[in-house]
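Order of writing sets the chain letters: A, B, C, D, E and F. Residues in each chain are counted from 1.
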Amino acid sequence: APSCRSSRFNVPPSALLVARPVGVCSMMRLPMQASAEGLDAAFVGVPLDTGTSNRPGARFGPRQIRAESAMVRRYNGSTGAAPFDSLRVADIGDVNVNLYNLPDSCRLIRESYQEILASGCVPLTLGGDHTITYPILQALAAKHGAVGLVHVDAHTDTGDTALGESIYHGSPFRHAVEEGLLDCGRVVQIGIRGSSYDPEPHKYCREQGFRVVPAEECWMKSLEPLMREVRAQMGDKPVYISFDIDGLDPAYAPGTGTPEIAGLTPAQ
Amino acid sequence: APSCRSSRFNVPPSALLVARPVGVCSMMRLPMQASAEGLDAAFVGVPLDTGTSNRPGARFGPRQIRAESAMVRRYNGSTGAAPFDSLRVADIGDVNVNLYNLPDSCRLIRESYQEILASGCVPLTLGGDHTITYPILQALAAKHGAVGLVHVDAHTDTGDTALGESIYHGSPFRHAVEEGLLDCGRVVQIGIRGSSYDPEPHKYCREQGFRVVPAEECWMKSLEPLMREVRAQMGDKPVYISFDIDGLDPAYAPGTGTPEIAGLTPAQ
Amino acid sequence: APSCRSSRFNVPPSALLVARPVGVCSMMRLPMQASAEGLDAAFVGVPLDTGTSNRPGARFGPRQIRAESAMVRRYNGSTGAAPFDSLRVADIGDVNVNLYNLPDSCRLIRESYQEILASGCVPLTLGGDHTITYPILQALAAKHGAVGLVHVDAHTDTGDTALGESIYHGSPFRHAVEEGLLDCGRVVQIGIRGSSYDPEPHKYCREQGFRVVPAEECWMKSLEPLMREVRAQMGDKPVYISFDIDGLDPAYAPGTGTPEIAGLTPAQ
Amino acid sequence: APSCRSSRFNVPPSALLVARPVGVCSMMRLPMQASAEGLDAAFVGVPLDTGTSNRPGARFGPRQIRAESAMVRRYNGSTGAAPFDSLRVADIGDVNVNLYNLPDSCRLIRESYQEILASGCVPLTLGGDHTITYPILQALAAKHGAVGLVHVDAHTDTGDTALGESIYHGSPFRHAVEEGLLDCGRVVQIGIRGSSYDPEPHKYCREQGFRVVPAEECWMKSLEPLMREVRAQMGDKPVYISFDIDGLDPAYAPGTGTPEIAGLTPAQ
Amino acid sequence: APSCRSSRFNVPPSALLVARPVGVCSMMRLPMQASAEGLDAAFVGVPLDTGTSNRPGARFGPRQIRAESAMVRRYNGSTGAAPFDSLRVADIGDVNVNLYNLPDSCRLIRESYQEILASGCVPLTLGGDHTITYPILQALAAKHGAVGLVHVDAHTDTGDTALGESIYHGSPFRHAVEEGLLDCGRVVQIGIRGSSYDPEPHKYCREQGFRVVPAEECWMKSLEPLMREVRAQMGDKPVYISFDIDGLDPAYAPGTGTPEIAGLTPAQ
Amino acid sequence: APSCRSSRFNVPPSALLVARPVGVCSMMRLPMQASAEGLDAAFVGVPLDTGTSNRPGARFGPRQIRAESAMVRRYNGSTGAAPFDSLRVADIGDVNVNLYNLPDSCRLIRESYQEILASGCVPLTLGGDHTITYPILQALAAKHGAVGLVHVDAHTDTGDTALGESIYHGSPFRHAVEEGLLDCGRVVQIGIRGSSYDPEPHKYCREQGFRVVPAEECWMKSLEPLMREVRAQMGDKPVYISFDIDGLDPAYAPGTGTPEIAGLTPAQ
């Protein structure tokens, strides 16, 4: 098996040396490791979709993201990002979820993330429907206190109960607010759009102090000015980044479960 | 809108009179009705897949079965079956399931079926993953006592707990046995196959008195002799027929969630 | 079956109360009704594609639009639109078309729309290839006189005969002009593009007084200024809106039958 | 361009000499020729699907059959068939159909086939929905008188009017009977199945003297005995072979427009 | 991460304990290991398809086989096979192939297999197009001498040069014969069919002493008698089993690159 | 067969006269011709994908481009382009490639293009992976000397060896530089993006004097100013235009083998 470590850091193996279809698919074909011990950052899969209200399938999200990630190389020549030059990163596999019981899956996720965070490692999550962000934020806040949030999504995911349940993919940030997991003045939600059950769909978010940036404020614009404002808003305290693939326009990610037209572009 | 009733019975509208793509898709394009009142038999959808252990998607089963059913005509010329000549049949829509809570979905299904059965109507279910058979059998047994069962499937679905849960798509008949919903001497399971967690996979079923007909006993054979035996086994007491699409070979139904090779054919 | 009416108006059932996969798919899961009687607006399907010159399939357009519409909620929080607060809307099913005879299908559509319009209801059509707009305009003009037209499309659809026939998906607006169904000074065609049989493809349209807005005038621009001009052009007289899905770039709607690259975006 | 002629006969080019993806796709990558002049047999496409009652798409049938035919080699080692050793065969392209007018398409097909037959060439048709067999039989009978028919199909295609039309994909053999194009005692229909509008679906056929072999008589059997009987039935007078892809089980040809389960297998 | 070892043997983790979508996809979700050291048998991927003459894609074969293998459980209840009770099995990843140079890929495969065989482990290969069997047989014969061969395929793969090359997916067994890698009296080829370049397609094979069992000798029959004969033919000397997915009928495996109709069934 | 020639020029047949699905698919359904003799420009297919590092399939590129090209008409009304009014254009089929040997395929391509160029015809290539540009440039430079290059792509394709090989789809322009086939001051590469193996991914290109326009410089902008600069850069000496479909964002061409997000749009 070809080596994919250079000095003390792991690097995605170059397709110049290892053919792209080669290898059991870890994220970016990085080495796999049983725990987060000794890592600066770790890819973790959370293969769950039983919290979704429309098309399921995100349970296979981690598997497919890993498969497609065989294309990713170690440097970003445009931005100069070179994460693998200074961070030890690996893929530590998936959380074992309970497909038949959402609250129990949340418990399993929370416990797994507490263990990852205890080792000092930063988790990079491959989802999974958005329900999973609730237990992840629980684990983060237990360590760091209330965190800031950069949230890219078509939906605010601050819903109340649905079909009689409080835990599902539309409510993680409502729970997070109610349990004090978010530093609400440092929350921004970007790309929000779509029809709503309420004539004032962002009222709850704004009452909490969130900044809501609807998709229509992003159309046909560079988001660099917004990103500068977001950086100022976040300051230098802990921040969680939550990216829902439906934040993008469905043209770029047609497989998403709850598509909303007129979304963000990859360039943004 | 073209009529699809003849005298006192409903009939699927003929494609000679109503073009096949025409109409909001009810089952066989039969009339839709809010309740089972006054019907001999009713198609009911149970759009649930949160009990599945592998590929989800069966929540859209009722929708797709209805769409494809636009091809079905009122007579079966080969067998002489002419159900619409003597039975009043309609589509009564779907049970409203709780996508985020399996036990609660089971309650909703059971209550809906109790209501359907109270009206004297025979329910014809469009699933949905196999979890739904458990509450359906509860409703049936509450009315008829323990019932016989003709069960076509790749799996016996008599599993114990999975991922810590007792309710999921692998266990409905275990629950049915435990709650006395089945007349165990009048149970036959046909098409069973696939690898197993146990070296003696049919032991539990046979201990209950079920007849298990593995797929290999069906290969390349007419099942008419078996069907005669099954009719004798069932006698003239109430019987429930449960057909899991994975009983068929995946060549005939590739979209099934837990495919097992070497299954039954549609002719069988 | 869960209720989807509030006071005297129908509303799309909330997915917080009725699971998205539940129900026989009417448009937005609104109530179904046999006729347009008593409605302010009605969704009507016209499942026809025998007028198409390239890829067929639009006969299943109404069925698929209804299926996907299960995602749509009652309010548009961005624009403030709340149609279901003041209009009684239902789905009245499909026109029964003659798949084998285009002129006869046109007659069937025209007659159905005359009946719908007679009840004072506004039809909201789910197509179907663009041929169907010709008989719809006949019915509209019979009631309202020549109407204005906002037409979003890749093609002007003002062609002369094709393969010897005058009725097909490329000619509805030619017929409409010739029969005086359009108030030609109040016609705008937006998103027009693609190669042509004629070096001056918009000559006919401009000679009639239509405003033609080619796609290249829309690229990477907000269309709000254009929309203001269109509103002024239309004035307060009756207007028909005809939206051909191929007006959008094929990235957003790849299934369209006659795709042309470099089209409009959903945000536009 | 590599040669694909050997002596005076054309042969499909060997993939050992010409790579399979190479070449503008004619049938079996045979030479193309503008007319049937000088050929023993000619492949002809009839890209029409406006006669179909359910899923369209067969208009692209000739194109796809040609693309997939790049796999076919010149000999059949099992049967010993070596058609290209003694017959001059080419692809003469498609009949130009009128997509918007079925009766006119029938006229165009009939005229094209009269021309092909006048040259003494045997046409091998790539369809197209089954409507096209009607004008082909007209052309054949004009030359040969009433012909025998070996017809493999899920449906007898002897329907009366549909949606008010007499010409569509369900009626070609009804027209053929009525116009005396068939030698009815030498007609066999194999693989017939599916639900029906009539409790006695084969009555019309049998009254004409056709032999009808329902699919259930073919299940899990070699059809060699039947083929011997068919050869005897046909004798040595002219016979037309009409193979509808839905004669096969949909597992083998899922794209067919009007699928019926439990059909024939390719081996049969 | 959940354990998947029991005592000294590895076992596929039960989906009752570890949810099916969980985990980086090794074969049957078995443990992964860098080398074959200490194993009785090892799954090895050879992700190569540059030897194919028609549709490529088999380079992703190992990845997809691993993904689908998440369904496989540890016992075969029908046959009593319980391989994981007595053999230590793991997934040792893929051979690093040279996508741009077939002979060099053959060298890389041969060398990898020599290493695997040196450790005393039996390789279980996930392909890849059939070219790869040539270097695998070279490695095997270097250790065991000429081996017997049970070869299930639509094609004999004993071709001579193609497009001027001797190494491609149609020739591995020609090379094997020429280099003395096969014990030709102990070779059986099953499921052979399809059109051919030669009127006597099996002549070469039979001249070498191979038994060729064409598909037509297998149709609608149990293959148990044949299997008994094959066991007798093989005796107790080393045998290689080579299973080309196109041995099956394309209904069961439509993605294969060179499909031939009327093949074997999974039950066979 | 309908005529598609007007006076001395060929023109794509109008879909008003010849139905779109009709005809064996040449490019734009233009006449086919065995050689380039007498043509101003010729479409040539190069159906090769064995140089690709990720998803193969481009070997069927020429076939699919031809199939989709049935939509293209003779004029571009927006730009006024009317190529068929003054140029004699035909489809001359495909180069016969060696699927199993990349360097030999390069030789075959080079020789074919030398022959085409010798006749004075301009080749318009339908690929095929990007490896094929290397032998094409060899043939061009042999006739015209070093040429300018307008190269639209996600990648610069100036890589050194990969998997030990120098010829593959990532290196054609490296070879071109080394063999003096390019007039390096007249090279522009547009749309370049994606992660890289090197922190300075464009260094080599810029050292050769290429202009590199990364995708981020194109985002949400008209490229007309750039096109004016490119025209000035190219001057009036010979220029080759090489368009890799992955230059576009994958939303517009999802089937490409090595997709990179955030690419160009068709309008650009």
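Following the convention adopted for this analysis, a residue touches a chain if its C-beta (ideal position, glycine included) is under 8 Å from a C-beta of that chain, and two chains touch if they have at least 3 such contacts.
All values derive from a computational prediction rather than experimental measurement.
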item	value
Shared chain contacts [chain C and chain F, defined touch]	A, D
Chain located farthest away, centre of chain A as origin (C-alpha)	D
Mean-CA-position distance for chain D and chain C (Å)	39
For chain F, residues that touch 2 or more chains besides their own	17, 19, 21, 53, 59-60, 97-99, 162-163, 220, 249, 251
Pairwise touch network: line, ring, star, complete, or other	other
Every chain pair in contact, whichever chains are involved	A-B, A-C, A-E, A-F, B-C, B-D, B-E, C-D, C-F, D-E, D-F, E-F
Parts of chain B lying in touch with chain A, wherever the complex brings them together	49-53, 55-57, 59-60, 97-102, 104, 162-165, 167-168
Chain D residues touching chain E - in the complex, by the definition given at the top	14-17, 19-21, 70-78, 80, 82, 220-222, 249, 251-252, 265-267
Sites on chain F touched by chain D in the complex	1-2, 17-19, 21-26, 32, 34-35, 45, 47, 59-60, 62-63, 66-67, 91-99
In the complex with chain C, residue positions of chain A that touch it	53-54, 159-163, 193-202, 214-216, 219-220, 249-251, 258-262
